[in-house]
Structure formats: structure tokens, C-alpha cells
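Before anything else, here is the set of structures, which you'll find just below.
You will see chain A twice below: alongside chain B first, and alongside chain C after that.
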Partner chain A sequence: MRRSRSALNKVLRPALGRAFVRIKGGNREPSWILWEILLPMIMIASVIWAYEHLGAPSIFKGFVILGGAMMSYWYNVLWGMGRTLYWEKETGNLELFLLSDSRLPGLLLGMALGGMFNTSIRSIAVIIMGVYLFNAEFNVSALPLALLIFFLTLISLYGLGMGLSGLHIVYGRMGVRINEALDEPIMFLSGQYYPISAFPTLLQYAAGLIPLAVGLDGVRRALLLGEGLETLYIHLIILAVATVAFYLIGMKMLNSLVERGRRDGRLILRWM
Partner chain B sequence: MDVVRWLRRFRAAVWLTWKEQSNWTRPYIYILYSMITPFFSVLVYAYIYVVIAFYSGLVDLSRAYFLVSGVSLYNFIGSGLYGLIWTIHSEREHFRTLKYTYLAFPSLHVYLLARSFFHFILGGIYALVMFIAGLLITSYPLGSLNPNLLEVISLLIIGYLWSSQLGVMVAGTSIFSSEYGPLISEAVGGILFLVGAVLYPVSALPPFIQPLASLFPMMEWMELMRHALNQSYYIADVGGMYMSLIAKTAIYILVSIVYFGIIERLTRKRGYLEATLHH
Partner chain C sequence: MEQAIETINLVRVFSSPQGEFKALDNVSISVPNGIIYGLLGPNGAGKTTLIRILATLLLPTSGDAYVGGFHVVREANKVREIINLVSGGERPGYGILTVRENLMYYGQVYGLTWSETKRKIEELDQLLGLSDFLDKRLNRISTGMMQKYALARGLINDPDILFLDEPTLGLDVNNARAIRRVIKRLVEEGRIKTILLTSHYMAEVEELCDYISIIDQGRIIARGAPEELRRMIEKEIIYDVDIRLRDVDRLNFLKRLDSVIGHTVKTRQLSGEARIRMILSSEDIGTIIRRLEDEGIHVLRVSRSEPSLEDVFLKLVGKGISDEEK
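Our next item is the complex of A and B:
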């Protein structure tokens, strides 16, 4: 009992500590928050006006706003973990952390939690601005179901992000490049600006492998199309399975990559 | 002026950018890698049109052409602009080589232009790939295109001139701030995307934003490029638009030279070339 509590402490304490640093660091300058809200709003406004120019129904405004708000979790939570870990390595903190008694998944959990908090502040502001500037309408009564889908999405993103963070440790700048190369495919397959039901069947299956795509589709169906549990239970099942699967795969991948980094001496190798 | 020596320096800076960008990998791997982003990027935006056609049955190929050409051509400007502005940030903050570069290269202004040249070339390739892929995705008949190659090349050169000078001004401003440098670059790129007739004509913008479009040569350049790529694309006053584009480009070049000169003096005086904030 005492041993399991101690093991849990080695995950939770660094998680809270690292989350605090990320939250404090990410919000210490209020103007950054303003910038990080306005910049996505520029892209969202561009796409909404493009839809208006094409004569799209007004429901698409909601699609774009939710897509813009949720896509930032992909950048800031999933890849944010990897990028922050890479930066820890470059500044020499990673080796100190690995020498300590704490667990690496705890550090990554802290980065993910901090990223989730910071992104949520910005995403909520983006949605509020979207509602006021573009008169987007949402079905607020479906909020509890949408939040359930949303949190399951975040947890599965954490599992996936844990595995992909290992790439940053072992491959350095190449990990950053892999991250950059995956951004656009994920934006497309997640249906950032439109429903994935418009895709051909094969692409819809491919999108089903990405938790963000499933989560975004579920949240949109709940908040925009007013669908309930009777149709969205499939999304919940997929996300629950993805959460467990990505956690297990992520842990295995992270351990294997860290082990490889130890063996090849890459954990302390900088500027690569 | 020793042109050969100048070109040799320029080439060295372009080569450095290529090496840094490709991370010293094999060229074919980098080319394959580079194609992923534009290919999916055009899918993201071309699907806006496809989805509307799918749901509402609206098929208007002229709008498909507008959207696909806008997104594709934006890559030429965006890639060069981001690349140029990021040079300051990455060299000063990440690699900490800006001070050595400053000592080794006779002109920081020219160095930035040379470093951005690779990004413009890459952006041009992106634009071509995206343009063809986007038109195929939206079922636009490629055979109906009637490009004027001389006009396209001239406009690409003019595009490089004004956008690289805009990039130099933004990069110069970013010397004064480590935190805001990348944000400023994203903001300028975002504003060009918003008001530069990329996804929709400027007339589709709310009236209070429309005057912002006239500050940049982007709208004229974008419309003229569309016309150059397909002569049947209608522009009411092609000559007037060329005049406006050339005049704005000339102003950008002049302002950039003066502005960057002031920035450079201030930078040296305050020691910002080697000031890092471990960002």
C-alpha cells in the first residue's frame, strides 16, 4: 500500500510542479494571452468569411469556431509535451530530472495539464468571441455530453502525446520536423473546418484513428446538431478504447525511446 | 560593386538555409517531407469548397479557382515571409549565431534577403504543387487554364521584392523583442491572409476592415497572379492594378532600406544582436 502510494507520488508531485511552471510561465505576460487569442481568431475569421462568400449555411460558422478552438489542443497539449521536453533537454533540465527519483510520465502529465489549462483559457475566449462576432449558435443543453467527449479526447491525446514525446528526446530536431509535418494532415483528417462526414468512407475510417477527429466530431454533433447519447455513444466507446490503447502504446513507446536514448547517449546530446 | 563576390555571398547564405532547413538530410528525403505540408494544406482549404458543393449542390468553378489559387499563391509569400522573420529569432535565440553572422556578412539586410530566398523558392514549389492538386480536387478543368508565363515570372519577382522587404521590416522590429518576434511574424502573415484576397475578394470583408487591405500590395499581387495564371480571369483594370502594385513595391523597398538602417544602428548601440532571453 505504502509502496503504491509512493509510486503515485513520484508521478503526481512532478506533474503538479511542472503544470504550475507551465501555467505560470504561459500566463505571466497578459499580452501573450491576448495575442494567442487574436491570432487563431484571424484564421477563424478568414475561413468564416470564405464560407460566407461561398454561400454556406450559417451552421458552418459553428463548425469553424469549434474546430479552431479544439485544434489548438493538438498543438499545445499533444505536441506541446514533446516540444517542452525537447526544450528541457536543450537547456539541460532533462538530465537532472532523469537523475531524480520522479517518473517521466509525471513530468509529461504536468506539461499536458499545464497545456490544457492554458489552451482552455484561450479556446474559451475564442468561442466567446466567435459567438459575439459571428453570431454562431450552440445547443448549450448538450454541454455536459460535449464536455464528457471533450475530456475523453484530452486524456487520449495525453497517451498519444506521451509516446510521441519520446521522438523529441531521441531524434531532437528531427522530432520537431516530424511534428511539423504531421500538423497539416491532422488538420485535414480531423476536419478542422468541416464535418468529417463529408469525407469519402476510407478517409472517415482513417480519421477514426485520430482521437481529436472523433472528439471534435462528437462535440460538434452535440453542440451544433443537437444529437444526444443515443447516437454519440459510439464516439464515447471509440474514445474510451483510444484512451486505454494510446496510454498503453504511449507508455511502451516512451520507455523504449528513452531506453534507446540512454543506450545511444542521446539524452544529454544537445543541438542535434 | 563586385557582383561576383556579392553573388557568392548570397549563394552561401542560401546554401546555409538549405542545410539548416533540411537538417543536413538527403535532398530527396527533404523534398518528400516538404511536399506533405502543401499537399495537405491544399486539401484543408480546397475541401471548404468541396464540402459546400457536397452539402448544397453549389458548383461554381470560378470560386473554386479563386480559393485554390489564393491558398496556393499565399504559400509563396507566407513561406518567404515566415522564413525571413524566423531567421532573426532562430539565429539569435536558438543557435546564438547572429552576432557572428553580423561580423562575417557585410550587410545584415542583404543577409536576410538571401536567407529568405530559399524559403521563397520552396514557397514557389509549394504553390505550384498546391495549385495543380487543388484544381484537381475541385474538378476544375486544368485544360481551360491559359497562363502567361512571362507575366507569372515577373509577378513572382515583384512578389519576392515587396514581401521580402516587408519581412525585413518585421524582422528588424523583432530584434527588439524575443517574446514577440514569432508572434509579430504570425500576425503579419495572418493579416495578409485575412485581407489579401486569399480565400475571398476584399469586397467580401466587413467595410471597416477593407481599408487595411490597401496598406499591402498583397491584394493587387494576388489578383494579377490569378490573371497571369489564367488570362480568362477577369480584372476590370489590369494596368491600374499593375501601377498600384509597382508603386507600393517601390515604397516598400525604400521604406525598408531606411527603416532597417535605423533599426541596425539602434541594435548595435543597445547590444541586441547578442541579447538572448533563453526563449
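Our next item is the complex of A and C:
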């Protein structure tokens, strides 16, 4: 007998299903260890050695390791979600999903959650290797606050990612190009391998618009500089506002782009 | 009685830099509950466009369509609760996962719990015979297995209305027969209330469907039960002429003959022979044979034939349903 599904069920069930696909698929072939852990470590090690060579304070090792660990989430939630959605469209999986009464944000959430699970393994490996290979030190007592900032960052990125994913539906390959065009400036502004305090004031404000830059700065301040809620509450407010704003904007963008895709036929025309 | 599917003056125009293309031109169909309804037409006739609109994947340019009494644009989410779609030659899915894991995923997409999905997969295994490949990776199974998997995916939510878009496309005779058997059982056993099936295989539509609409260039050109359609051509004069010929283009002159209402050619590449099926306006086959021989075409056999459903299309459009546009 047919049951009516709650709105939450229409988001969470497909999210669970898609996360299952990503986790199962992502771990079926062990080559991921090479791509996801060993290769990124080469980049992180090279930056750390460059800082050591220049005589930078040892705290910079922690900056690089946290940046390396968090950047993969950025890729997964934001870029990864859009790229995977484009792949889903090209393979025809998106069409089959849209046939169902499940909601598209559920699919995107599932991609993000599955990706986060796989990325967490990489990030934990990066941090462990950082601690043991490069003797990076972290303030473990600030871990709860750092995790709060971290998760708020991810949720706001998810909202932003939803909107950007819609570009892939309507613009296809062009959506990929738009992502690529945004890639380097955002990498630069978010301070993957350096503190954003190194920027001129104007660039610091610009970086404040990017949740990753705010989140990364907050996590670093908590885990490396030992700062607490009394200074980091601004980060939390910015991220909370960004979460709500990006979610609303993302949903609106996604819905209107999907509707446009349905009107133009781009949901089913795979070459576009 | 409420119709399972109804379209009213449905139009769909695709725009591209090359211009506009009308894929559906005022299509109106009514599909009652509880039948297999066939939509028959050559490639590019508009069958898939119509199914995509009914499945809420594409918006119509104008006109209305209802599925299960719900409007496909205004009540798209309600439509999605009661439908599913299976396309022939379908290759979507996650190749790195097994067939079972893919079905587990689709169970979640349709809101089933893990245990409900497991039970459903067992049930579908009984119906479709999936056990040989349930635990094989999707990218390692054959085309026939893939189509059974696609059908299982299409049934995972127990849809009231199932759209089957060329369900046996690319399958060998045995696999196509097996799929057709399942399709029949689905309606006979009441698992699916209504099926809308598109095909360009005349025999398939004739075997499965209770009612047929013939579509060409976005327009419905004939409709009726198979026997009603056959009645349209029962008085026609139909001949099969076997010839030795490799270059089919040499038969283009037949289009210019007034006495030939329509013709289609099926070639047998290996033997170098071809069969022309012709609907004639008079019994004068002799004139046509002479014209063929004048063109240097060697005629092997000539036989008068009984009309088939395929000839309805031949009569209405002047070419066979499987003929490629030239």
C-alpha cells in the first residue's frame, strides 16, 4: 500500500541512499588511498618544508596541516557536489532521481555526506601524519569549539554548494568552467596554507564573505592559538548568518535552475 | 471514468541556434486505467518527448497533461508518487556497485526502509529472475541483465502507472521475449494498473497492447485497438517482392509511382537480397515488376500478402516504421 511521505523523509532517505552509494563506491577500490591520502600529503609536506626553510615559527606547520585537512571538505561539499551532479546528469542517474518524489537537496546532501565520510578519513590521516611526521601541536582542549566552527562552515558551504550545483544542470560543461574559474581566487582568499591575517585589510574583508576562510581561521585560532568563545563568537555569528543566507539563496537558485532545466529540456538532454 | 493518462492539445517545441523544432504537435490521448497502451512510431516521432512530459521531466510548451488525475506541471510531485519510467537501452546506475546495492539505493530514493527494500528485492527477484546477477557489479552485466535490472528499478516503488520507453531496444530475441512476458504479467496480476509503452517494433505493440496510437512527426495519425487498426487496411492490396539488390537508393523511383501508396524495404546484407513490401492502389503488380527489371533489378519472388499492423503505418505515412529518414 502506498504511504504518503513526510517532507523530511523525502530529503533524508535519498540523502542516506546517496551517501551509501558514495561510501560503498568510494571504498570499493583501494586505489583511493593513493589519490586521497598519499598524493595530497606531498603538497602539504612541500609547503611545510618551505616554511621550515624560511625559518617560519613552528605554528605555521599547524596552519598548513589544518588547511590541507579542511580544504578537502571544501572540494567535496562545494565543487564535488556540483561535479558529481553533472556526472549524475550525464549518466542519466539524475533523470531517474527526478522521476521520484524525493527532493533534490536530499541527493545533494547525500553526495556531501558520503563525500565527507571519505574525506574525513583523508583529513584524519593528514592530521595524524602531520602530528607524527612534522611534530605539529594542537590545543586539544579547544576541540569542541573548533568542531562547532567546522560543522557550521560545512553547513553553510552546503547551502552555497546547492546553488552552484544548479549551474551544472542548466549550463552543463559551462557550469564546470564557472567552478574552475572560481577555484583559484577562492583558494587564494581562503588561506589554505597561510593565515588570512597576512592579507591587506581589504582582502581580509573579501575573505570574510567566504565561509571556508572564516571557518578555517576560526579552527586555527582555536586549535593553534588557544582562543576561546570570547573572541571566536564573531566567527560563529558570521558562519550562522552565512548558513541561513546561503541555504536560502542556494535553495532558491537550485529550484529555479531545475525548473529552467525542465523548461528548456536540459534535464534530459545530456550533451548540453 | 477517470483516465490514467490524459493529454489535451499537448505541444512541445525545442529551440536551438539552428531554429525551432516541434516535437509534439497538438497531441491528445486518453489512456483508461488497467490497460497496456501502445505509442507506436518511428525514431524521432515524439514518443520519448511525450513520455518525458508525462513523467514530469520536461515541461510542455502548451496544452495540458494529467497522470492519475494530477496535472503534470501544477501537481508534479503528486504525479511522481504514482509513476516510474524504464527506458530501453538504459545504462544509468552506479557501475562500481552491485545490482543489489543499486536497488538498495533506489529503495531509499522512494522512501523505503532498508528492510523493506531487502524484501522488495527478493520479491522482484522472484518476478524477474535476478538472482544470477544480483551480486554482480552493474558495469559487468550483460545488456539483457541490465534491462531486467532497469525493470526491477522501475518496479521498486510499486507504481500505479509505468512508462516503458522502448523496453526491448537492443535486446536479442530471447531477452526481448522474456521482458515482454514480464510486462504482460505485471498488468494481468494487477501489480501495475496501467502501462504506457512506446515502441517502434510493430510486433511488440501488437502482442502487448490493448490500444494503440500511431505517432509520426509529433502528431497522432491513427488510434484504436489492434484489430480496429488492422481493419483500416484489410482491403488493401499488399505485395512482397524479393529482389537481389545492395543499393536501396535505386528503389527511390517507387516513391514516384502513382500506383504505389507506400513501400518499405528490408535488406539482408549477407545474402545481398532485399524484400520490398508495397501497398498498391491496383492489382497491377506486373507494371511494377517491369519497372524494377528496367532498372536492372533482379526480381526473385513475388507474393501477395495479408495485411499486418505494420501496413497501417505504411499506408498512412508511405514508408515503413523502421525506415530511416533520407
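Here is the rule we use: the second predicted complex is superposed on the first by the 265 of 272 C-alpha atoms of A that agree within 3 Å, B and C clash if a C-alpha of one lies under 4 Å from a C-alpha of the other, contacts with A are read in each partner's own complex, and residues count from 1 in each chain.
Please note the rule applied: a contact is a pair of C-beta atoms (placed from the backbone, for glycine too) under 8 Å apart; a residue touches a chain by one contact, two chains touch by 3 or more.
None of the values given here were measured: they were computed from a predicted structure.
When the shared chain is aligned, chain B comes close enough to touch A:W35, but chain C does not. By the touch criterion defined above, A:L236 reaches neither chain B nor chain C.
In the superposition on chain A, A:L54 makes contact with chain B only, not with chain C. In the superposed model, A:M174 lies in contact with chain B only, and not with chain C. Legend: residue contacts after superposition of the two complexes on their common chain; A:L96 is shown touching chain C, with no touch to chain B.
By the touch criterion defined above, A:G25 lies against chain C but remains apart from chain B after alignment on the C-alpha atoms of chain A. Of the two partner chains placed around the shared chain by superposition, chain C is the only one that A:R13 touches, whereas chain B remains out of contact.
Residues 29, 91 of chain A are contacted both by chain B in one complex and by chain C in the other. Put simply, chain C touches chain A in their complex at residues 14, 52, 55-59, 77, 80-85, 90-94, 96-97, 101, 104-112, 153, 157-158, 160. Every residue of chain A that touches chain B in the complex is listed here, in rising order: 29, 32, 35, 38-39, 42-43, 45-47, 49-57, 91, 173-174, 177, 180-181, 183-185, 187-188, 192-195, 198, 271. If you check the complex, the residues on chain A that touch chain C are 2-5, 9-10, 13-14, 16-18, 20-21, 24-25, 28-29, 91-93, 95-102, 262-263, 265, 267-268. Taken together, the chain B residues at the contact with chain A in this complex read 23, 33, 36-37, 39-41, 43-44, 47-52, 54-56, 58, 60, 63, 67, 95, 179-180, 183, 186-187, 190-191, 193-194, 198-201, 204-205, 278.
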